[in-house]
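Both of the next two complexes hold subunit A, though its partner changes from subunit B to subunit C.
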Partner chain A sequence: MALLHTVNKSPFESSSFDTCLGYAKDGSTILFIEDGVYAATTGHSVADKIKNASGVSFAVLGPDLQARGLESKLADGIKVVDYDGFVNLVAEHDSVQSWL
Partner chain B sequence: MKFSIQINEGPYQHQASDTAYQFTKAALAAGHEIFRVFFYHDGVNNATRLAVPPQDDRNIGKLWQELGKENNLDMVVCIAAAQRRGMMDADEAKRQGLDTDNIAAAFRISGLGQLIEAGINSDRLVVFGA
Partner chain C sequence: MAIKKFMYINRKAPYGTIYALESLEVVLIGAAFDQDVSLAFIGDGVYQLVKGQNTQAIGQKNFSPTYAALGDYDVNKIYVEKESLEERGLTLYDLQHLVWEDEDEDWAEKDSIRLVSRSELADVIDEQDVILSF
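On to the complex of A and B.
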């Protein structure tokens, strides 16, 4: 079963991304929204975790990335989506788990 | 596809209500059905009809009310969460002997069963929160 995980906290504030990554199975997608978008940037240890994760796809909500001025720091291999893309991700996966 | 939305965070607290609003709008625009929007925990504060934010700021409650009316959304406020926080519709205020009510007409008060029902009847339940 392919799950969409949403992470809305910065990995420097909360362990929700680590927990989420630990549970995410092959074929699932992790979408960073709100302060979660900090995980999608380069230059810190979280970026390595994303780079080394296999079988899991990563996406980030573009408007939240832009609101924080982080577009130029976006790490490789993370797909940028808008709200329409967010809706599509929800529809494409079997279920949604919000890591609040 | 049939979606339901759960909101656990109040307006202006952080970003959950804004994200949920933008998501709901995009889902409707893409032709999906919104079975229900359920306001739970501090999320019940989105239902106030008395919020007056600064003019150059978004009025989150009003945005929900307008989206609800335009799309005939079933926007449900959890009764137990609402009563704890002083959120009352006219009927409930009268029953409790209070001198006023504050829940906008676009919302209705009901119980947790409505959330369970939304989960059963929808293809996806998306939770937004603090």
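On to the complex of A and C.
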């Protein structure tokens, strides 16, 4: 079972990303959307957690990143997807868990 | 009417919730009452001031240009907490450059943003008559 996890809360205001990371198994993907995209930027403690999470793929919804003015701050190793890409990720995985 | 010190404290990132936009609306309405207004950006609130926001693809209004107009409403004390920027990997250069024109000094252009530490900001908050939280 490959799961797609979505995180829509800022990692600085909510524990949902940490909880998600604890449940993410090898082969799963974590997609950052809405205020979750703040996790996908560089230069803070959350970026290290992403770097150290081997076996898990990371993606971020480009429109949400652009809205917040943070495209230039995107961390390495995180794939940017658009809405079509979001749909593809859903189709490619067996199921979706939204960490609301 | 005596002039009171009003502070608006902003702690939420823009777009994910409605707080940032609502705060800005209230600040603009409040500016009509000639009070001594300050804004503080703490925690994820600092993300409201990040430059280069483009909301075209999410179908929401980009209200970030409005911050640059605050100087024209005599809202020119904008406190940004240093620790909150650092915790998020941001510097002052990632934020919009907000200015106001000082009519007492031949309309000299001055910076509106005051970068302050958490303890300095605590002192500023302590001096306020009215605090509005968003």
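Operating definition for what follows: the second predicted complex is superposed on the first by the 100 of 100 C-alpha atoms of A that agree within 3 Å, B and C clash if a C-alpha of one lies under 4 Å from a C-alpha of the other, contacts with A are read in each partner's own complex, and residues count from 1 in each chain.
Convention: a contact is a pair of C-beta atoms (placed from the backbone, for glycine too) under 8 Å apart; a residue touches a chain by one contact, two chains touch by 3 or more.
As the structure is a prediction and not an experimental result, all values here were calculated from the model.
**Student:** For A:Ser10, using the defined touch cut-off, is the partner it touches subunit B, subunit C, both, or neither? Pick first, second, both or neither.
**Tutor:** second
**Student:** Looking at A:Leu70, would you say it contacts subunit B, subunit C, both, or neither? Reply first, second, both or neither.
**Tutor:** second
**Student:** Per the contact definition in the header, classify A:Val87: touching subunit B only (first), subunit C only (second), both, or neither.
**Tutor:** first
**Student:** Based on the superposed arrangement, let me know which partner A:Ala2 touches: subunit B (first), subunit C (second), both, or neither?
**Tutor:** neither
**Student:** Which partner reaches more residues of subunit A, subunit B or subunit C?
**Tutor:** C
**Student:** Who does A:Glu34 touch here: subunit B (first), subunit C (second), both, or neither?
**Tutor:** Touch status of A:Glu34: both partners.
**Student:** Tell me the contact category for A:Ser98 with respect to subunit B and subunit C: first, second, both or neither.
**Tutor:** first
**Student:** So in the superposed three-chain picture, is A:Gly62 touching just subunit B, just subunit C, both, or none of them (first/second/both/neither)?
**Tutor:** second
**Student:** Need the overlap of the two footprints on subunit A, from subunit B and from subunit C, as residue ranges.
**Tutor:** In subunit A, positions 8, 34-35, 63-64, 82 sit in both the subunit B and subunit C interfaces.
**Student:** Mind listing the subunit A positions that touch subunit B in their complex?
**Tutor:** My answer: residues 8, 33-35, 61, 63-64, 82-84, 86-88, 90-91, 95-96, 98, 100.
**Student:** For the complex, which residues does subunit B have touching subunit A?
**Tutor:** Contacts found on subunit B: 1, 3, 8, 14-16, 19, 22-23, 25-27, 29-30, 32, 124-130.
**Student:** Can you name the residues of subunit C that touch subunit A in the complex?
**Tutor:** On the subunit C side, the touching residues are 12-17, 43-44, 47, 50-58, 60, 62, 64, 87-90, 94.
**Student:** Would you tell me which residues of subunit A are touching subunit C in their complex?
**Tutor:** Subunit A residues touching subunit C: 8-10, 12-13, 34-35, 38, 41-45, 47, 62-64, 66-73, 82.
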